[in-house]
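Take a look at the structures listed below.
After this come two complexes, each holding chain A, first together with chain B and then together with chain C.
Moving on to the complex of A and B:
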């Protein structure tokens, strides 16, 4: 971003504009990834430690297809398909047999799945970092009110907003969304209304994974790819989910953007402490509002 | 003619606890059958076994002559068996309208039917399930059962915990429904069963211990087995 003026006041305004712009675009990545994690937790009570690797899997699936076709849209579609498929297979094969067990079993098995996915990426693609070029169409910049913004980050904000809105509309306006919101509270009752809750579980696990995978492929042109990229972001994603309130979709949106913006401002004004800001926020929320900003005693809410 | 529902000698367990001991009962099409018994004798477990939520380990359950013993709850529901559960099980974050939309699996029963039976629900259509009183939740639970267009409704303790005036409203609604539905009604109140049921099974310690089609005639028998108030 180019700073147009040089006064102290202007630097402050520039800092605010830059902090918001970078923070919202990265916050959207956090929201997209955390939305899947909180949805899976809200519906199934499963804390999926492999969720970060689904984000990485999406980035790598997109990377491979982008390498073959050179088309970013194809790369995004590949990420969605790969994320949904891996998530759905995970739910059916290793999560479903453990629903009646204590949560520790699910933690252990998803942690194992995370390690396996990282190793698979290293074996198939290689352990080194990979660059992912910004698509030509999105590689320029846009000038607004004297400020210059990178087109790709603007694209991230718009695409993230559309995807989050689509997920919200799906959950609140569609019959299937109604089934899912009801099943969060009472699976037996939903089953006795004739709906297949197991199918809903598989679908939601796949959908949550697909959202993480989209986030992975969207962030790749900014930061590149590396096998542990999922393990790196998952900590921040857990912070978002805890701050927003476990299982709260609204909480994830607010907390994701809040943490993205807070970290971005931190990098501008207190770079030595920027990494710690999300965790300070989390500690404050845990101390003063343990259920999170929008959590209702751990129950999924809109 | 075979009964609509037949439960034949089922044994059901919760973990190691043996709850139902060879329980058998039948419900014919168009009948309202009462299942009376004290707390904890296995009435709700009988319903849960029929619904597939706690499947029996022995015995057989047939519906329209087909075995449903090993079917999943959603498949049993699709066969035409609906449930109005004991504690209402309203989805608390969904509105009244959303609760009803979810329950309406087919277009056969018009949506407005729910409001015809319970006009108050229309006023509360935008309220969430969690905001309703106990009586309003019971109306909603029964309305969900109606909109489900089931061939058989299993209704569990519909008057439990309700104020006497609300009990009258619920019984009135059930009387209206019974002319068009087949119902297996679990109750502790002899008065409610007396008002609604064509035939009554009495349950004790996981077994059917008596059956009567005339509760007035057999009231001594019922008192002997149930030791419940008939007030």
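Moving on to the complex of A and C:
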């Protein structure tokens, strides 16, 4: 964002505008990435340590297709398909056999899957950073009321809002979303109605993975494309999920935006403490509201 | 000939998914080591061990390091070896973990009986391996980092630092930046020990060169969102930016700056090609990106051009900073060893610490006072880039004595001894 330099009042307004612009755009990235993670935990009880690598896998799938077609929309679709497919395969092959075991086994297996995905990316694409340009249509900046905003960040805010709303509507308003939630609550009843519950689990995991993947492909042109990109963001994503409340969809939205904005204002006004702000929030939430900001009811009844 | 240990990636590449989790991270030593410990194989082979980060966050540098090391060993065997002995290279992956680096260095000494160790590691890893070399009496040459910690606190009589210190690079870059672009500078550096070292050294040398730091920012190592920092830069309106990130942060920052329309020249403390390549060619079309560097393929010596041609012919790409550093620093140590009267550790140390001569990049001296290599520095600019390659041009050559801290200055603050 380009700041005009005028009066003292303008300087303080500048800071607020800068903080909100940076914070909301970064917060929306956190929301979008964390949505899939909290979806999988909220509906299935699985803490997926490979979520960051699904984010990276989506970015790389998009990168490959963008290289072939030069079309960013195709790249996004490719990321969604790749993310869903990898997630579905993970659920069937390594998560499903562990549903009856201690959660520790799921942690270990998803952690192992994360390492394998990073290595596969390095073997297939290469370890070096790859150029993933911002599409021409979304590059440049937009001027509003004397302030200049990066077009791609505005696009990220809008796209993130649409995608999160779509997921919310799907889970709470669509027939299949209701069946999925019912299957988690009362498996036998839903099975007796003729629905395949295993398929619902696979779909949920795939959907959560697809959301990670689409976040990855949308973020890559701005933050760069490299094999460890998922590992770099995953800690902050877990902080968002913990602050929001494990499994809470509403919590992820509020916590993601809150952390994005708090960190952004921190970088402007207390830069020495900015990086610690999300973790201070997390510690405070764990101490005083262990279930998270919205973690009481969970995604199903929100 | 170069023998390589089995890396995590090798295992994964060979066996695919699923079943390999238990094997991840394992490494085994191949080769027919003679089991001599304490350096020196005792037969007609001169053994050189390399411990380098080749997987993990620095894995992008692996191809350059591996290819350069293999080429160097082949070149020496083609020339008749060291003191007439065949040169055998042993390459081990530190996985970017200090404990692994230490383990690999000890294995090279115990199992392979290496006569000399070389490293291409981060500061923490390097400190550990330098200690291993010192404890075991094996000459050890670092090729990647000249952080103050290694210079001041972790030196020992068997360790040699080939890369220049942060202060030397800052001296070269600050003077060049003030001269080329102006006096007002914005500093943006990673918020950890090395980042603070970079910031302090650049601020000091910017002021010595007549410049002023108008504002500065910090971001955590691994940061990807630089929008508030870009806003602060725009607000400060400096003549140029001193930038201390080398990895993914560099790509994210350059992209963000380009998005916001900032085309202020950037001086990167270090610019490794495999990472900044990710910013895409259009960034370099619109923004002037410079770095004070110890090596680029554009260094105009006959030996370097021969090396560049052969490297490109064998690998299909131009040698990057990592390749040049690995090749020429180990080359200098081998040249010193070749002129020694034997391969005993103390004989090799005496030969390396007094050595002066030519390597592919030209003049190269090892200072006995602090075991610091001395050679010219270069101001390089990114000319252009495509999807696979960064193209450099050398803008200025700076003699070593203009930027290297004096023996008195360095030894005055050293808390360890190289004697």
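Keep in mind that, in the parts below, the second predicted complex is superposed on the first by the 294 of 302 C-alpha atoms of A that agree within 3 Å, B and C clash if a C-alpha of one lies under 4 Å from a C-alpha of the other, contacts with A are read in each partner's own complex, and residues count from 1 in each chain.
We adopt the following convention: contacts are C-beta pairs under 8 Å (C-beta built on N, C-alpha and C of every residue); 3 or more make two chains touch, one makes a residue touch a chain.
These numbers come from a predicted model, not from an experiment.
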Touched partner set for A:116, first chain B, second chain C, both or neither: second
Partner chain(s) touched by A:127 [first = chain B, second = chain C, both, neither]: second
Partner chain(s) touched by A:185 [first = chain B, second = chain C, both, neither]: first
Greater residue coverage of chain A in the superposed arrangement, chain B or chain C: C
Set intersection of chain A contacts, chain C complex versus chain B complex: none
Chain C residues touching chain A - in the complex, by the definition given at the top: 8-9, 12-13, 17-18, 20-21, 24, 55, 57, 59-60, 62-63, 191, 217-220, 222-225, 227-232, 234-235, 247-248, 251-252, 255-256, 259-261, 274-282, 387
Touching residues on chain B, where the partner in the complex is chain A: 51-53, 72-74, 76-78, 82-83, 85, 89, 91-94, 98-99, 101-103, 105, 144, 148
Chain B contact footprint on chain A (complex, rising order): 175, 178-179, 181-182, 184-186, 188-197, 299, 301-302
Chain C-facing residues of chain A, complex: 1-3, 5, 14, 18-19, 21-22, 25-26, 29, 93-94, 109, 112, 115-116, 119-120, 122-123, 126-134, 139-141, 148, 150-153, 219, 221-229, 232-233, 264, 267-268, 271-272, 275
